[in-house]
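Structures for review follow.
Both complexes below contain subunit A, partnered by subunit B and then by subunit C.
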Partner chain A sequence: MPTPTLTQSIVITLIQCLLVVIFVFVVVPLTVFAERKVLGHLQQRLGSTRVASGHVGITGWMNRGMWKWGRIPVLSYWRGIPGLVADVLKLILKEDILPAKADKFVFFIAPALSMVAAVVVFAAVSFVPGVFFTFPAWFPFVGGLPVSGGIADINVGLLWILGVASVGVYGIVLAGWASNSKYPLLGGLRSAAQMVSYEVPLAMSLLAPVVLSASLNFGEMSARMATGLPFWGLVPQILGFLIYLTCGFAETNRLPFDMPEAENELVAGFHTEYSGMKFGFFYLAEYINMTVVAALASGFFLGGPWLLPFGLQGLVNPYIPAALSWFAEPHAIFFVVKIIFILFTYIWVRGTIPRYRYDQVMSVAWKYLIPMALFNLLLAAVVRCFAV
Partner chain B sequence: MNKILRTLIPFDIAKGLAITGKHFSKVFFTANRRKVPLHIVSEYPEVVAKVQPRYRGRLTLLKDEQGEIKCVCCLACEKICPTQVITIEKGKKEGRKMPFPVRYDFEMERCIFCEFCVESCGFDSIILNHQFELAAYNREDFSLGMEGAGQNMFEPSPVGKFSVAED
Partner chain C sequence: MEHLIETIGRNMFAIFGVMALCGAAFMVASRSAVHSVLGFLFAMLCIAGCFLSLEAEFLGMAQILVYAGGIVVLFLFVVMLVEMSKKTEKEVFQLQSRYAVLVVLAGAAVFVGVFRKVIFGAASPDALVLRPELAKGLNVAQQNAQAVSRGLFADYLLPFEILSVILLVALVGAVVLAKTERV
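Up next is the complex of A and B:
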């Protein structure tokens, strides 16, 4: 296999970045659509079955055509999809209002900050161990070269992920402060307290995989967690997974922990004064954050690119027959399916559990999650000490 | 101890998730079949909306088997109406013992659909029908009556199946 020159490796990395961005921008709109549909199904509705302009415009024409085409409910089921286009168009075309007394620079920088902090985390996520695919020989400039499964193979990938992800708090706090209005300020303050509190049990629940796998590299961690654990390694992972998921809901400001934008108390929380594409960036950042949390959960706890979660793969692998060896190997498709499942869980929980009170949110973090995460860490250490 | 266990192990959350998960799977796997839809909401403009038996639509005068208006002008509905949308003019008709409403005006734009008039009626002569689409383009379309341009108090008038007096 030829070794790439410097320019070639730069080009390959750019192509990887492009692929990841495409992945993110395919998953995020589909999550938005799925949210409408799944929330509807949870409440015994159909979800979005039409766009707002049912009788005029391109989407209205599409809707009428689909309905005229033989009244097939399958088509009718998907009729909400043009709504995605309508959403994006609305966000782009809407007037971008800047409040008169706002801090202009900070007001401008806040959505960009939360967006960048959300996307950059994907640099350390490895989708599949080793080579993802090799460019065919006819490909210009980089033909015949391998593309690895992650953008950057960082030694301390987990530190990078946690560090960059907590920069996202600044986006929300600065947005709340720069708006120079009371509701956003309250939302920003709440988010500062909430996200800093939940950062602690989140990091602690991620320490258990670190202890068990003795590594901070994302790819290595997911490989060892999936295949290199004894039977007792399951216990700290399952508990840790639940703690991590709870903290993940809180970190991404999703229900039942969406204190920063509690719309029955604060109008829309930190993004009350935002409109147009600046609001769109917050919206995107929220969903990208969800994808990031889902990617970490599936990488560390659900076995990453391997089929079975919680380290069961390593226990089952010797018994998988040779004919089914495809299931014993890592594939990016498993990783993506797990991400999608966790995104579904997000929406599922949103449709089930009502919002917590603010003091309840805090007490859940400090009184229950942190002791449980410490206990989980102790379990992991015991397993590591005696069983590995 | 029980309380601590319930706090630490989220049974209630699991129960709630199970319920909503059941709803999701039911609707998701039957949404594309036309025969047994489990979702309770229909696609309204394309599919005719089904209303519940207790739905309160437009006020309608009923007729008996001979085609006679059942209303006897006792004015109970006019008196009980909280928004005074009903105006009745008493009159006489040949070959009819009971009084006959010469005019029965109903202004739907102020009606709050409380169904007090139907409950107060001792002769089962009015109902609120099951008409779902009550909107109109002009204000004049909301003043209904027995004669003239607003002569639409009688149709569409289903048989009073869900009369209060029957219960």
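Up next is the complex of A and C:
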């Protein structure tokens, strides 16, 4: 296998970045659509159906046929997808309003900060161990070169993820401040307090995988968590997963912890004064952050690119027959499916659990989640000490 | 092209250093306190870049996590809560400026005095000097998180614990102050 020159490796990295951005920009609109649909069905309605191409062409014919055949609205679930295009067009074409006494520079930079902090986290995420694919020989400039399954194989990947994610809070706080308006400021301050306090149990729940796998590298951690743990490693993993997921909901400001927005208290929270694509950036950043949390949860707790979650893969692997060895190996598709499952869980929880009061949100973090995360860390250390 | 990229890569430390200085200058010069915090944030991120260009990944990431993600957020919080009007802000800054120059000069003198060996002496060939029995089986250049942890929890355990006691004292002091004010 040829070794790439410096320029070639930079080009490969750029291509990887492009692939990740494409992945994100495919997943995010589909999540938005799924949110409308799943929430709709959780509330006994159909979700968005109005902007549809379901009346014409072959899909319209199939839709009508299915409906006539047995009142089955299967294909009509996909009606409303053109609404996504309409949404994006609306965001781009809408007038970009700057409030009269807003701080122009900070008002401009806040959505960019949120967005950048959300996307850059993916640098340390490894989608599949080793080589993802090899460029075919006819490919210009980088033909025949391998592309690894993650952009940057940093040996302190977890710290990179936590650090960059913690920079994302600036976007919200600065947006609230720069708008020069009461509701956004309240939303921004609330969210600063909320995100800073939930960062603590989040980081602590991720310490359990660090202790169990003795590494800070994303790829190594997910490999050891999936395949290299004894039976007792299950307990801290499952408990840690629940704590992590709760904190992840709070970090991404999703229901039941959507204090920064809380539309019946704060109009729309920190992005009240934003319109057009600046609001679009916050909207995108929220969904990208959800994808990031889902990627981390699936990488550290749900076995990453391996099939089975919580380290079961390592326990089951010796009993998998050779004919089914495809299921014993890591594949990027498993990773993506787990991300999609957790995104679905986000929507599911949103449709199920009502919003907490602000003081309840804070007491959940400090009184319950942090002690639980510490206990989980202790469990992980005990497992590491006696069972590994 | 190859040559250009290599040159940039070799001078990454200088690039990030100049950027950090620019951020610091913006922090000092800007009129609005929130803009100052933004300049501080930029400087902190660039210092993390400096650490990264020296292959100290752990320190660089800790810099981002602790300073950019924690301490500067607190600064921003305080600045936003203690919102001063533009005029008082200006007066306070003008009052402070001549003392600030003195303090900076004194600080620079102390810094050079403490680190004169590092600045003017010969460059040290080792990235991190651990006791040989601690460094056994460890590639310091590649695993600097492990190397730092071995240094902290074996070689310098006592100073490290004493430092944490000092932090605890500060915490207790904060709690006491907050309590007495409320009564």
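Keep in mind that, in the parts below, the second predicted complex is superposed on the first by the 364 of 388 C-alpha atoms of A that agree within 3 Å, B and C clash if a C-alpha of one lies under 4 Å from a C-alpha of the other, contacts with A are read in each partner's own complex, and residues count from 1 in each chain.
As a working rule, a contact is a pair of C-beta atoms (placed from the backbone, for glycine too) under 8 Å apart; a residue touches a chain by one contact, two chains touch by 3 or more.
Keep in mind it's a predicted model, so treat the numbers as computed, not measured.
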Touched partner set for A:Val196, first subunit B, second subunit C, both or neither: second
First (subunit B), second (subunit C), both or neither touched by A:Phe301: neither
Partner chain(s) touched by A:Trp160 [first = subunit B, second = subunit C, both, neither]: second
First (subunit B), second (subunit C), both or neither touched by A:Thr5: second
Which of subunit B and subunit C A:Val106 touches, first, second, both or neither: second
Subunit A: partner with more touched residues, subunit B or subunit C: C
First (subunit B), second (subunit C), both or neither touched by A:Trp177: second
Touching partner for A:Phe122 - first (subunit B), second (subunit C), both, neither: neither
First (subunit B), second (subunit C), both or neither touched by A:Leu216: second
Touching residues (chain side subunit C, partner subunit A) in the complex: 1-2, 5-6, 9, 32, 34-35, 38, 41, 45, 48, 57-58, 61-62, 64-65, 68-70, 73-74, 76-77, 80-81, 142-145
Residues of subunit A touching subunit B in the complex: 38, 40-46, 49-50, 54, 67, 71, 73-74, 76-77, 348-349, 351-353, 368, 372
Complex interface listing, subunit A residues touching subunit C: 5-7, 10, 103, 105-106, 109, 154-156, 159-160, 162-167, 169-170, 173-174, 177-178, 185, 188-189, 192-193, 196, 199, 216
Subunit B to subunit A touching residues, read off their complex: 7-8, 13, 16-17, 19-21, 23-24, 26-28, 31-34, 38-41, 43, 45-46
